[in-house]
Amino acid sequence: MDLLEIRQLSLNFSGIVALSDVHMAVKKGQIHAIIGPNGAGKTSLFNCLSGVYVPTEGDILVEGKSIIGLKPHKIAKLGIARTFQNIELFANMNVIDNLLLGRHIHMKSGPFSGSFFIGKTLREEVKNRLKVEEIIDFLEIEKVRKQLVGSLPYGIQKRVELGRALTMNPKILLLDEPAAGMNLEETEDIARFVLDINEELGITILLVEHDMGVVMDIVDEITVLDFGSQVANGSPREIQANPKVIEAYLGQEE
Amino acid sequence: MNTEFMFFIQLVVSGIALGCLYALIAVGFVLILKATGIMNFAQGEVIMLSAFICYFLVTTFHVPFLVAVLLTGIIAGLMGIVTERLILRPMLGEPIFSVVMVTIGLSIFLRSMAGILFGHNNLVFPSPFPTEAVKMGGIVVSQTEIWIMLSSLVLAAVFFIFFKYSRMGLAMRGTADHQDVALLMGISVKQVFALIWAVSFITAAASGVFLANVMVINLGLSVVAIGAFPAIVLGGLESIPGAIVGGLAIGIIENLAGGYLDQIIGGGVKDVTPFVVLFLVLMIRPYGLFGKKEIERV
Amino acid sequence: MAIRSKTFSESYHEDIKLFRTIWLKSWIGLFLVVLAVLPLIGDPYIVYLINLSCIATIAALGLNILTGFTGQISLGHAAFFAIGAYATAIISNRFQVPFWVCLPASGVLAACAGIFVGIPCLRLKGLYLAMATMSFGVVVEYVVITWDNVTKGVRGISVPTLSIFGYPLDSNNKIYYFLIVLTALAILSAANLMRTRVGRAFIAIRDRDIAASVMGVNLTQYKVMAFAISSFYAGIAGGLYAYVMEYIHPEHFTFLLSVQYLAMIIIGGLGSVLGSVFGAVFITIIPEFIKAFAQFLTLLFPALQDKYDDGWNIAAFGLLIMLFLIFEPKGLSGIWNRIKTCFKNWPYTY
Amino acid sequence: MLKVNNIEVVYNDVILVLKGISLEVPDGAVVALLGANGAGKTTTLKAISGILDSQNGELEDGQIEFMGNPIHRLDPDRIVKKGITMVPEGRRVFENLNVMENIKIGAHTRTDRRQVKRDVEKTFDYFPVLEGRKDRLAIFLSGGEQQMLVICRALISKPKLMMLDEPSLGLAPLLVKEIFAMLRVVNDKQKTGILLVEQNARVALNFAKYGYIMENGKIVLDGPTDLLVKNKDVKEFYLGVTDKMEKKSYAQVKHYKRRKRWLS
Amino acid sequence: MEFKKMKTVLTITALICLLVSPAFAERGVTEDTIKVGLILVKTGPVAALGLPDGHGMVDYMKYLNDQGGVHGRKVQVIWEDDEFQAPKSVAALKKLIHRDKVLCLITTGGSNQTIANMKTINKYKISNIPNALMQEFFDPYQPYIFAMGATYECQYQCIVDYIFGDMKADKPRIGVLYAKKEYGKIGLKAIRERAKAYGVDLVSELVLPTGAVDASSQVLTLQKNKVDYVITCDVLPPVISFLKTAEKYSYKPKAVFGFNWATDDMIVKACGKGAENYIGVNFVGGWNDDSPGMKLVRQIAKTNGREVKDIGLTSLYIHGIGASYLFGEAFKRVGKDLNPDSLKAAFETFKDFDTGGIFPPLTYTDKSHAPPEMVKLFKADVPNNRLVSITGWRTPKKMD
């Protein structure tokens, strides 16, 4: 069974068709990319997956269970984590707190126990802090631990956002343009992290990216969207050779 | 015609007159809200000050009424520019909360200054409008009210045209969206802000002068501005036509509640009804009747 | 160079402690001692002002949790405060129950009202929310005035003296200790709450609500929870107010009171527990300082004696708020943080 | 045309972001400014267009000259009037204005209103897509359309120098090509100078005649682009090719913490 | 730097206010002074009521001092502004007692402030004359509160009596406009009960709020219900709004009545012809009365350079002078040995004490501090812009 399956998904938005009849499947353990021109509906698809938008038609199955109509926080509990195109970090918290928020679904303390901060709550905080520190090590952001994320440079913020998604211990990680606005070195870093996450942590990854260098090099499968509908699906090699994709998206190589 | 029906019509008509006043006050709020995102809590004090200024111009300095109105407008406009220059410009780029708080500080300051400068007595404006009311088919409208309605209408039209078609109006709308990008377009944001505060204060002055004609002038006059809050929200905070429709709606609702509900439920429902209506409207339309729904983009 | 002990931590457990250095602990100890002996040396006037500050602090903490931390603007805080005050007055009058039933009951009632307002207001944001909560305030005021066989309406209602296990706290100096302890508890629990899971979720909602929900924060639940906690604090503060004043009247709980609480948290610092304390004390005490200063001026310049208008006191208050925010838009907690860094780095400037 | 001479910029009175930047854009030239995130490229553009104040920044030292006149003390609206327009990063359209109004607002500084009308039609020739969306609110445009719109909006003010901050950010490859082709036309026809800040070094170096490379608030390398592309470091760190002009694969990036250093 | 300076200044001022608190053996009384407190609103919208009242109180004490004081002592008045808020009023009283150490208060201001202070007043034996007129202040007996001025109930009973008695109305259609305040609610109830006693039900009971922009819906409703006697339980500004709106709709009831806070020459000045049918009740004399007391009032105003238009509400100025007059008299009666107890005792020797027409004659005993339940009625004199009294002091008729 595929980990994630999208069936005949359509989304209308103030009279504008954002997605129509999209279907695709993400296999467990793979890195899967969605590419397509701007306005093709890639981000809208992500928003449907994480429950921010409710699709007009179709179905989304995670491990065979439909997540249509579930609120975002319920979907998060099912193991879907994501990052955003324009960084959506909590700018007034420090890095640790941002990552600890990622642990939200794995923690239990409520308003009463929180007010007293003894015993179980304290132990829980420390335990989750350990997990957060692991991710901090993994992403090499030890130095900025206690800084407010709002004051960090763009590249680091992107990495923190990735970390925040990772602390959720997701089954599937949705990455929305992880390499956008990065220079070569930073792009390399991100590419490496994506591979590591996939290999070492065994997390399935679905990503949207415009940097064809990255996409073609690291992913297992690609889905191409244009005007809200699916144009092609296949391995990087197949996609690169697909005339429809070249016409709509890649352009002729000079 | 039967008296019940006449009663209803008369309530609606006087509600419209009252609503025009609310609309005028609401427009003053909305102008600043639209361009700068700031809710100016000192608006009521400007209204009150204008009423006092106009009163003293007419009584102490024996300035003819129309000239006094003009002078009041000019003084209010200058006050707007000074306020923007001294108080709000240093706050550019600061959190909106702090800026709103500054206007609350300003309101405290202005109110007590009004007390110091103009005293605490109840004053009655020597109204230039004849007290003879106009009767049309049994419906009574006072001349003051006719003036209020006419000038609200004219102001609304002027603002609408200004924002839709003029270069400066467009610049203001742009500034409302993104201040920093507006700067890059060669728009002098400072100028825009100074202008908007001046215009808003002038609108407040207009409502102040009219209020002076229908109410006793005292420091409590500033509270009327709070009565205009429901109008602003109903109109959707940033829409001038919305503010006007909102004002009218609130005026009519208030009067109808006063005429009918007060007898049934009893005890001052008139004042509470606008707020209850406001609450209910927000439950159904969280962005007011005319407000734009913000699209969540992530 | 002075070496300060304990500026590093050896475990995460230590890293998340509230009071980390020995210095901080001793300063707090000293402060508590000063507070404890104050009623013995200061006059009842000052004690009364501190009592008012304590009540304001608890209410401001509540509002800061909702507005400062969770980002839900409320202009109806006075209403929750009023509900707490009236609950205490009515319950203690009708059923003659002691404070440890009355006070929590007031808090819970106010919290219920908070939930009642919070749920329909879930979809509202910014000014729209402010106006909706303000409407609630207007309605509560109306109900309190109109429902006179319960609230005694515009007559006002008197409150029995607060007594702790038979010992009546019948003077301001006696009730003072009670208030100090409760305020300290309120501050501590707010500070604790804000650095745990719930508090983080609140801040996340304020900063980016969509991102927060995608990270697994149940927006509905947490927004309503913020409303409930905030109004719980307001309810407790209201109950204490009723005990301190021993008589309450609808005119004490107007829209202006809501604005005043908002002023406290903005001046103190939004999203800062300590800021709420500073703001509450500032707004309560500063008018007294201004008055004292004005008196001082008339001593210096006797010519002012008869000319001085009391309006100047309030004008100065308004001016002070404006100037303060123009120079320090982040509020008192901003100044506090600067002083703290200054101390930390002493004797170096940066 | 534009001369930036040794400028220093401080944020919030404490953080020194630009540590003496000098660069030059000759008449009608296309110049690229490259560098890592946080190197200070955007700050440089902001300093030139005079909008540092509104962001708590301050120009501490140095001069900026445009057509021989110093402009670093001018308000941003005066600078626009002199002929410098900046296209900010991140497709900053006025969301609540429609496409037509967005373009018109770009002509704020122009007084010849009749000519503006004709010019609006002309800009639509560059991006015919926009003409069909004339009355749509800008918020409803797709990312690519928004990027076109902000470029149109900048063009309508008839700038002598156009500064673009990451025009390719988040755009599909085909669209990137289209936009740069259009910029080329503008540069050729109207002789508008272009100062380009880009992350996408490959595109930028291909497009510009001269390039500057920034690191940590300083210019570390500059030269004609045809020379720059041959530089070993540029090749490795900006173009991602090996000495033998082969493209590296991201999948083969090594798993150790790398640091690059520039001599400076 | 700036902050440091500010801090130093603040600290110094704080220290000064702490240290400059003089200590006296007997609170508020020395060889040559009597310290008297006064808590009354000075700023904000309600100051229109507080200022003339307080000025009257201060002016009379000044007059007393100019006459040589009381038994060689000059009276020193310390006026604290409470902004009409109970918490501030409580704070002000604490300051007056503990810092300034006053002997008594001339007044504690409005009803809700006075009640909030009640306990302290009793504890520290602070004699005072509240200027709100509530039954709670003298029933049950409050040892240190000396109520002055007919209660709202009494005032409205007199109004209803006037409608049935003097105006000889037959089956009058009575409507009430009230504010949702203390006086409004008490007034409404009193009118309702009194009318009932005459066998008439009220036709309309409408709220007219204090800050009302216009009174259209109220006027229209009264007009529709053919109300011919309107009784207002409202302060001046809304009553003025009402009269003006009524004029607009040419609504002319036979009479419009108002109680003491709305019985002032101001109403005629403001409404002109609109006030033609206005009749007010008050427990202080009229400004132009020819009584010795009112002559004194006018003389005090003159020596203090106060003209009628500066004073504002003259009826309140008169009230202020009256209150101080009572205190002056009490000080005189005590003699040299002045303390809280002897002051109270002196007040309790008042028997049919005549203020010369400022107040009706009044009596206090050690069992009752009830005010004289007497009022005068005043009618608008439009050409002369003032109210003139149309009756002498009268009490509500005994009903059985």
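When the chains are written out, they are named A, B, C, D and E in that same order, and each has its own residue count from 1.
To be clear about the criterion, contacts are C-beta pairs under 8 Å (C-beta built on N, C-alpha and C of every residue); 3 or more make two chains touch, one makes a residue touch a chain.
Remember, it's a predicted structure, so these values are computed and weren't measured experimentally.
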item: Neighbouring chains common to subunit C and subunit D, by label; value: A, B
item: Of all other chains, the one whose Cα centre sits farthest from subunit D; value: E
item: Centre-to-centre distance between subunit E and subunit C (centres being mean Cα positions), rounded to whole Å; value: 36
item: Separation of mean Cα positions, subunit B and subunit A [Å, integer]; value: 48
item: Rounded Å distance between subunit D and subunit E, as computed from the means of their C-alpha atoms; value: 74
item: Centroid distance [mean C-alpha coordinates] between subunit C and subunit B, Å; value: 32
item: Subunit A residues counted as touching two or more neighbouring chains; value: 14, 52, 84-86, 88
item: Residue list for subunit E, restricted to those that touch at least two other chains; value: 43-44, 180
item: For subunit C, residues contacting two or more additional chains; value: 145-146, 210-211, 311, 313-314
item: Residues of subunit D defined as touching subunit B within the complex; value: 49-51, 54-56, 75-77, 79-81, 85-86, 88, 92, 94-97, 101, 104-106, 108-109, 139, 153, 157
item: Touching residues (chain side subunit C, partner subunit B) in the complex; value: 120-121, 123-125, 127-128, 130-132, 134-136, 138-139, 142, 145-146, 210-211, 255, 259, 262-263, 266-267, 270, 309, 311-315, 317-322, 325-326, 329-331
item: Touching residues (chain side subunit A, partner subunit C) in the complex; value: 50-52, 71-73, 75-77, 81-82, 84, 88-93, 97, 100-102, 104-105, 107-111, 114-117, 121-122, 124-126, 129-130, 133, 164, 168
item: Complex interface listing, subunit D residues touching subunit A; value: 34-38, 90, 140-145, 147, 166, 169-175, 177, 199, 201, 237-240, 247, 249-251, 253, 255, 257-258, 260
item: Subunit D contact footprint on subunit B (complex, rising order); value: 92-93, 167, 170-171, 173-174, 176-190, 292, 295, 297
